[in-house]
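Structure below; questions to follow.
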Amino acid sequence: MTTVHIWGAAGYAAAEAIRLLHAHPFVELGALESRSHAGEALCDHFPALRRTAYRFSATGSVRASLAAGDVVLTAGGHGEAHEAVPAFLEAGARVIDLSADYRFDDGVAYGLSEWNRARIAAAELVANPGCYPTATLLAVLPLLSIAQPRQLIVDAKSGITGAGRKPNVSSLFAEVAGEIRAYGLDGHRHEPEITRILRERDCDVPLVFTPHVVPLARGMLVDAYAVFDRAIAAAEIDAAFGQAYAGNAFVTHAHAPSVAAVAGTNRAEIRYDALGTTVRAICAIDNLGKGAAGQAVQNLNIMLGYPEETALDALRVVA
Amino acid sequence: MTTVHIWGAAGYAAAEAIRLLHAHPFVELGALESRSHAGEALCDHFPALRRTAYRFSATGSVRASLAAGDVVLTAGGHGEAHEAVPAFLEAGARVIDLSADYRFDDGVAYGLSEWNRARIAAAELVANPGCYPTATLLAVLPLLSIAQPRQLIVDAKSGITGAGRKPNVSSLFAEVAGEIRAYGLDGHRHEPEITRILRERDCDVPLVFTPHVVPLARGMLVDAYAVFDRAIAAAEIDAAFGQAYAGNAFVTHAHAPSVAAVAGTNRAEIRYDALGTTVRAICAIDNLGKGAAGQAVQNLNIMLGYPEETALDALRVVA
Amino acid sequence: MTTVHIWGAAGYAAAEAIRLLHAHPFVELGALESRSHAGEALCDHFPALRRTAYRFSATGSVRASLAAGDVVLTAGGHGEAHEAVPAFLEAGARVIDLSADYRFDDGVAYGLSEWNRARIAAAELVANPGCYPTATLLAVLPLLSIAQPRQLIVDAKSGITGAGRKPNVSSLFAEVAGEIRAYGLDGHRHEPEITRILRERDCDVPLVFTPHVVPLARGMLVDAYAVFDRAIAAAEIDAAFGQAYAGNAFVTHAHAPSVAAVAGTNRAEIRYDALGTTVRAICAIDNLGKGAAGQAVQNLNIMLGYPEETALDALRVVA
Amino acid sequence: MTTVHIWGAAGYAAAEAIRLLHAHPFVELGALESRSHAGEALCDHFPALRRTAYRFSATGSVRASLAAGDVVLTAGGHGEAHEAVPAFLEAGARVIDLSADYRFDDGVAYGLSEWNRARIAAAELVANPGCYPTATLLAVLPLLSIAQPRQLIVDAKSGITGAGRKPNVSSLFAEVAGEIRAYGLDGHRHEPEITRILRERDCDVPLVFTPHVVPLARGMLVDAYAVFDRAIAAAEIDAAFGQAYAGNAFVTHAHAPSVAAVAGTNRAEIRYDALGTTVRAICAIDNLGKGAAGQAVQNLNIMLGYPEETALDALRVVA
């Protein structure tokens, strides 16, 4: 039984992690620290957690209750983890950070589970990937074994929970319903994260990345278009995909990748089409699942030596 | 040509009034005052106003540009109109206040257009009714000519724009989609407004009022259940309804009142059923239309002697 | 290990039952009979069942594979169960029928779990209640121990899955989004079901029942207004509620009953307000959960002697 | 005053055309022929047309009531116009066909208004473009004056009304809400339409076209990525765009193209980004507006010599 604390527990991804860990057979939840909601019941803030008795704890509570061997999930705003994580590590805890703070740090294991298991298993600190990079890299990385693309174009569609739970006008129901909008057109945080991981794998392809918000709460579909100098054969892709993901529980091929099929799960569905010199890869994930809390729990399972599917194998509800 | 100024111009109802007045043949828009958005273009805040060149003006701009004979629509937060309106009246303007500030003031004309035309036409200051009272009173007032109910139960369902454009967690897309919730269960501002108008018409019935938010941006359906001491005949209701609304453009009977049929319009659709000693009245309006901006423009037409339908006769879009 | 067959397996409620039973530790799924989809994979029709290998089986397959002691969930259209169920019973199976076919049959156990456990436990055939009657009766039945109401008004709001998966224009996305509509105003199937159960408990109150569709896929909120001849005290209601539901896992009091809190679960959240001679009871359930598949599984647990929460205790996803 | 008949009047695009033409000052509506709904009132099928008295007329009614000089909008299913249009032309009518039937016919004017005004003005028969080709071509055609792209990738997101009003399971609310899905991955009708028009302009670029459905009723956002052999400068695009659309009312540049800004209108909003050798063009239109009925009315105005904005200049509703 491992104690898992959540630092920055009041956001959507943190709440989803709490939901998953609540049902985890080898884990118990410790402090659920939230600066803004200290002392309040989670069930008053998250209808999904209605039957639970959890309460947000005060600033400093994770640090105070931490024991060596515990795990901390840090889910604060970007920029905040840098201040909190070192003390957790010093106290002997292992940390999975859901923010962007450590994703550019060579000394930290990048938590794209299927591509970095060995480092994650041994890591003291895991930088959990962003939702856009997760979907993009899962779809694109297998292709790199075939050839170097000359241009990569990533067109991503996300549910609004990706924008977090901070109340902004642009996240209001009346602004999101009936709208499709591209954003971050002058530079999005996730673009360098994708580029960095590609470069680590010797792929220095120019990337055009366009994120969009569409009217749903959770889920993400990424269309990645890789333009090559030669035509790629379907058989080459099949082989590369098989090599990359054979035996993996969460990343599977689908004839029609579907957000409704992966929402609420840790799964990714991918389809490839070889279209002349362009390969189109379509990947569906849940931005709060495989794109955040689900992958964090998967990484926790890897770190602690539990079967990877532990607490991640439930079917999602129908409709 | 009358100049109409908007005071508190950054909310949904104000923007909808601007949309309507933009197409009004006998009106030109004056100052569009907003404390929070002074100097900014409306088209940057409201996609619906994209083709317009309007800009929010600074605090004090309405007062500064006001001329006798102008009209001011005050659409600030509840409590704010009390401070601004007296100066507008002193300057010789006529005022239509969309807040609750003057709805309980005997000296002010209550702007339920179909029931108060004479006073509205002559008024210097009109208190535009709330959306819930509008739908409720349009449905219930005709029944009072038949008999006194012993109990009135009003169950209302509203789109989220009724909560305004202030960014609150409870108005976020991810909180509203998939949710149906009753609110204001320990007392809602609109309850005394309904009760007051009923009392003015010698109806002192106990009222149970339950507002709900459902997942759509605009529109409202109110089910009013009036319990009487005797059975009411359908013919009595037909007669009362005909007497109340014959010849009115905006209030019509419908076999199946539909929010989709009235959204974007100033119309109300009503259906009655005589069910033993209970009469059920179902009324659909647009909370931003007949429940706010539409009725304000209707009242403006009444005040200025224009045909009531001026700028209010467009069909809404299909789907 | 009990084998559970589904007859009429292609609807939303059937698919949700399959989802729940897939995770049930003491049950294995048998034939999943569907006239229209025989031979097809469930994962191709229901994204939620993507990871499963289930296939619809052909007409007659349930009857052919049935063994004494099996359970059959019949989830066909209303009117169809009458033809199929007798043969299942003759073969020694126990049956839970999700249609309306047996809800008016005195010899059949009415499956409102919390109010009829003993009969359900012993029954060969259980008539699973409709979603509207479930929410209504859970809220209203405790009040009958206090006094007889003189009028009962039930105003219900439902997600569109209640209309089933048959493709009708009125269930299209473009017709439901942006719409609130009352329906069945000239008589709804669920009205006599509610009345019948109330009469069984010696309550012959006149009922006004108004169902509405609002723009969400699943979930239901019912506002029941019971008008009495005397004022009811809050303490009386508290006592009656406690007597009715103390120790029950699925029916709980909530300050603000929330569809988002019960969607995907078998739970019901109820709130009462004593408002003079009227008591308002607000009840939130999932129309496919406690209103259909969830209650069917609960009844199955009761019939088979398993703990009632078996396979029904998962938290729903966040957002 | 020109009489305009609608043939195939029961779909979303036809209803939207009726809405627009209802307010057209120089047009009166004639026969509204529908095989399936003959004799029924439009207001019973389309809430948006509630205040109108139009009725669907029977098969043959357009032909029977046609006079030389009339206009017919044909909006039947694809494949049906070929059978009906010749008789309309013989009778001396001019025809605007909203189906795909004539879009590949060299003798027919392709109705992309801004790019083909002269031919449209003189045409007896106009093939109104599909929604995806409209958005794509409006965005891409200006670029062809700069250089030939080596690869064109079009990633399109559409509201569900694009799938029409036929009741299919895949268009049900419960299937569309919460889903993002790519479709037509093995070939989509609109792909050759785009390719054909590009070829007419001597552009033989390989096209990858990926349409998606997202959860909203109407509106479309197209991201077109044109990969060139050299870097394109922003100034080149500005010049090309200005040359293409200066003085046009409906096609404008926008910093953030928004479906909410164009829904209900005939407008298109476009933004370009020069990103190395790739140019990203984002175009927002209303699939029922500029993508269907709006453009049909624009073409009608061009054919009849009316100002292009006639009946197309209303602002859309706020929220």
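Per-chain residue numbering starts at 1, and chain names A, B, C and D are given in the order in which the chains are listed.
What we mean here is this: contacts are C-beta pairs under 8 Å (C-beta built on N, C-alpha and C of every residue); 3 or more make two chains touch, one makes a residue touch a chain.
Keep in mind that what you see is a predicted model, and the values were worked out from it rather than measured.
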| query | Touching chain A and chain D alike: which chains? | reply | B, C
| note | Quick note, more Cb pairs in contact for B-D or A-B? It is B-D
| What is the chain whose Cα centre is as far as it gets from that of chain A? | B
| CA centroid of chain B to CA centroid of chain C, Å | 38
| query | Distance-wise, how many Å sit between the C-alpha centres of chain A and chain B, to the nearest whole number? | reply | 45
| Geometric centre distance via CA averages, chain D-chain B, whole Å | 36
| note | Where chain C touches two or more other chains at once, the residues are 12, 47, 161, 174-175, 177-179, 215-218, 258, 260, 263, 319
| remark: Within the complex, chain A is touched by chain D residues 151, 153, 155, 157, 174-175, 177-183, 185, 206, 208, 210, 212, 214-221, 223, 225, 227, 256-260, 263, 271, 273, 275-278, 280, 282, 284, 319
| message | Touching residues of chain A toward chain B in the complex: what are they? | response | 12, 47, 159-161, 165, 167-169, 171-179, 215-218
| query | In their complex, what parts of chain A are in touch with chain C? | reply | 12, 15-16, 19, 22-23, 46-52, 161, 177, 217-218, 254, 258, 260-264, 267, 269, 288, 314-319
